[in-house]
């Protein structure tokens, strides 16, 4: 069986730190033996005590320090313990790290990545369960990526650090415990490959990658759930749904999505974010504008309710997007209901 | 001639403070004789020295104090000197003020408004010219409004404070110096009225409010510019463009826009924000979903480039949305170019 | 200061029965939670205040209903001392009917009357300053109290709030439960200088309390609260305390001698030794009480969150 | 401390010609800007350092090229002292060719070699700590210096950065130009306690300098910088200074006696009186030099911002 996603990520950090003596890793409680709240950083501080630092509780300050390292030509990865607290670093991300790439009249590489453990379904409550990706869409100079079981974390993080643009990396907290997919195989029914300009989009299909009734686009955190929905749709409703999982959420690689969307004429975007100003709305706008004629129905968005995320599991479910919501949306779009 | 917008806002604050002995106003440098960086708060501290307070430079802290006042059953308005710095208060807005309305399992009124002088065209440079509305769209519990020359500021602010939801109020810095429109008259060609469920949407039309080739939706900060574009379109291109200016940006009053959009079959949304994850994308998604059949073309979005906002005027123009961009977009949508 | 901490703690003084009951209620409540987590009966997370129970117990008679209390992630003791309501709190943690916040907030997010906790460290300090601004004007003599940990002093929000409270002379009291650690990070690795200096930097009075004896702590705190009320100015109280349990569920990576040291300081065992008879009776009573609360609340149906309460 | 500030300042010492030239270059540069703004020839805004010119001049020989300097909104003097390049700076402010940042950054956002300024107060302190973290490891003996105003100590970011710098023993030097005011707000209304206490709270050394005499200030600063380099630990220097001009363009609402007091402390008039001959010649030279710079730069075409440099 393939490794767990958290192991893949941990190994990615090991490899990146080994390869690059100018790379730092900063965050709260990430040194050994604790190794981070989600154990992502295990073993790193033992190998590189000078470059893997536990910090005080200072989310804004830590991202500022990372910005300084980047400015000095180094590389830095920051772990925000719960992505909800990245709100405290909004200024450093928006007004310093991202701006500095361009506001001095020339391209200034800023090689830093802010890792954001994200999402609900673990009963951590309203201030520890959010999916805040959407609030960072459209900051000039900033790239957003999301961890996925299809994308090797080392490649994604190296790509972010290499680009010279600061990046946020969203990591679904439940996904940590899932397994990576490997060798193009999802299960006995589904296969996957990587498409798009830089192979950024994982495409999950059954039988024929060029054939489907509907395209379902999700960020990595929903990939496992989307695959389960696609399976149900196939077995229960005889609907062929192709799942597309871009690793990069922003800037969008619309070109990587358009062929499949144009063929199917139907698209659903699902994400865990609460309603309003979602990533999906931006995707939908790109598709509506670029494939207006090919669409049989408006792009359908599925997301969590416009609500705080409750702590108790039975209430959390009433707010967070559920597999059944995605299932229903695809079915409605396909059947025109 | 009608009063200037900044006077209308100043008078609104005078009236609100006079009416409500539990209302506080907090912000940097807002006491007399300085009266705020944009002179919006002139005369207020002289009348109410106990409730109109100049604060230290602490944007996050000030919004926190306002949250505390609201929690204690009071009302508070905060001025952020330049809306760019509201990034420093992102956590207090997202995780405290907005969350508190619901995360304790019952409705808790949080009566505070954060005023955000916004936008470019004044040569203040990359960290003092942004339009950050879009980053706050879709925060459960939070309302966004924008100052407009059609909407009396007292009514808008009283509405926000009365709602029990925290609000952000975006004030275009150039708009301060424009004049309010009054009595349904824009100029010798255009008239306006207020439509939508709660009269939130200003509708600007020529001859017949039920008749137009295209609907142009803009937030208040672009209202004067949109009217100028509509005028040009009429006189130069014989295109009848109806301008809609909602005072509330979020939650959307889509119902207030749909009738006009459905009649015209064409809609353009213009805003000053840089590209990506814009307010317009959210509006477009609502319209695409609700009036798919009635649309002759996808909703067209116009905004600034995906760039930092330069200081020098000749460069600032190359990034910020220009009247000509809006004009071209409407024309293209109408002529199908 | 260091000397006072490392020396063997003096023998505890005899507690009034109701104080002892409250201490033990909190202790057994926390133990029951860890127990349930261990058995997989609770989901999410929780932070127990084992070893720090005496802080809110010492404060209890010093607070009036009109005072605002801001708690934090480690807040069960604060809640129980204020409301004596293990049912409502347990129902909240378990998401059962009768939950004080209907199961929406859970362990970390509680609002009841003038008591509030939330999950973002440091955020409450400016908020409490805002409350104190109102109190100063409308209800002089009342105060806003914030419980915070030593690690929370990493957050800039603390300084922004403290600065305004000092400038505007607000009745704000910061009660720092300095347990020498933040999650897994020792104070020496997260806090430069010391808390006394941090308070003084803002012209704010600072009081250090190293005792873990409820009576002694209360006696030390009484004049501080009185001054905050009378003068309407902020103050910082630093309580050197000991986290006897893990940070949250089972994440204690301290070395055995560190944990041993914390345990050795624990008021619970020391009080049991000093007053065995009084202790045994009350301990047994509270243990049973909590067991009964657990049994009763676990039998309740799931909490309901009515639409009206939804944002 | 207060006494030192309010007493009549001692007579200035005689300056080396190049120091005097640099002081006067900055002075006339700033006066020229205000003049152009007054005539409507500049758009946007600017913050002049009138009265504070001696700070970067005193620091100049104490800094090495390998040191990082973080400036703020009031940064023209800092830039001119580091690069002696009025053309590039004026072109930046005017958006003309040869602008150091192509007119994109403008007065407040400048990056050149190891010099950076930006427009959000306080943001630079953690950033500079990050730079210092790199310096400590890769280039020991170099430091990161941050210029900041007294008002900027309202921002929580300052404390987060200072805490990390102290914990990690980073060569970070905060140079506070304490001019007694933030925009329109006097220090007494925005800063509780004092800066000495704020530094000490983090175990960071603090040095107060009340003189406005370049030689004296330099002599006071030299050992501080030496210590930061040698020990690799942070320090705070507090310079009591005087904002002789408005905050930005014309927004000075201080009472006449306050402005008069600041003017009376101004090194410029006092030096002119103390060394009339040396002064007159240099003053005239720099005045003419700046006028020539203005004439030359104003004649340049608009700056260009090539696509490659765009985000």
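Read from first to last, the chains carry the letters A, B, C and D; within each, the first residue is number 1.
We adopt the following convention: contacts are C-beta pairs under 8 Å (C-beta built on N, C-alpha and C of every residue); 3 or more make two chains touch, one makes a residue touch a chain.
This one's a predicted model, so the numbers in the text were calculated from it and none came from an experiment.
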| item | value |
| --- | --- |
| Taking each chain's C-alpha mean as its centre, the one farthest from subunit A | D |
| Cα-centroid distance, subunit B relative to subunit C, in whole angstrom | 42 |
| Mean-CA-position distance for subunit B and subunit A (Å) | 31 |
| Cα-centroid distance, subunit A relative to subunit C, in whole angstrom | 37 |
| Sites on subunit A at which at least two other chains make contact | 55-56, 58, 60-61, 84-85, 88, 91, 95, 99, 102-103, 105, 125-127, 140-141, 306-308, 310 |
| Interface hub residues of subunit C, defined as touching at least two other chains | 99, 102-105, 109, 118-120, 153-157, 160, 163, 167, 189-191, 303, 305, 310-311 |
| Contact graph of the chains (line, ring, star, complete, other) | complete |
| Residues of subunit B that touch subunit D when the two form their complex | 28-29, 31, 33-34, 37, 54-58, 60-61, 84-85, 88, 122-128, 306-308, 310-315, 318 |
| Residue numbers on subunit C that touch subunit B, as the complex places them | 68, 99-105, 109-111, 116, 118-120, 123, 125-135, 137, 144, 156-157, 160-161, 163-164, 167-168, 303, 305, 308-311 |
| Residues of subunit A defined as touching subunit D within the complex | 24, 50, 53, 55-56, 58, 60-74, 76, 91-92, 95-96, 99-108, 140-141 |
| Contact set on subunit D toward subunit B in their complex | 43-45, 94-95, 99, 102-109, 118-122, 151-156, 182-185, 189-191, 251, 253, 302-303, 305, 310-311 |
| In the complex with subunit B, residue positions of subunit A that touch it | 60, 84-85, 87-88, 90-91, 94-95, 99, 102-103, 105, 125-127, 132, 134-141, 250-251, 273-282, 284-285, 288-289, 292, 297-301, 306-308, 310 |
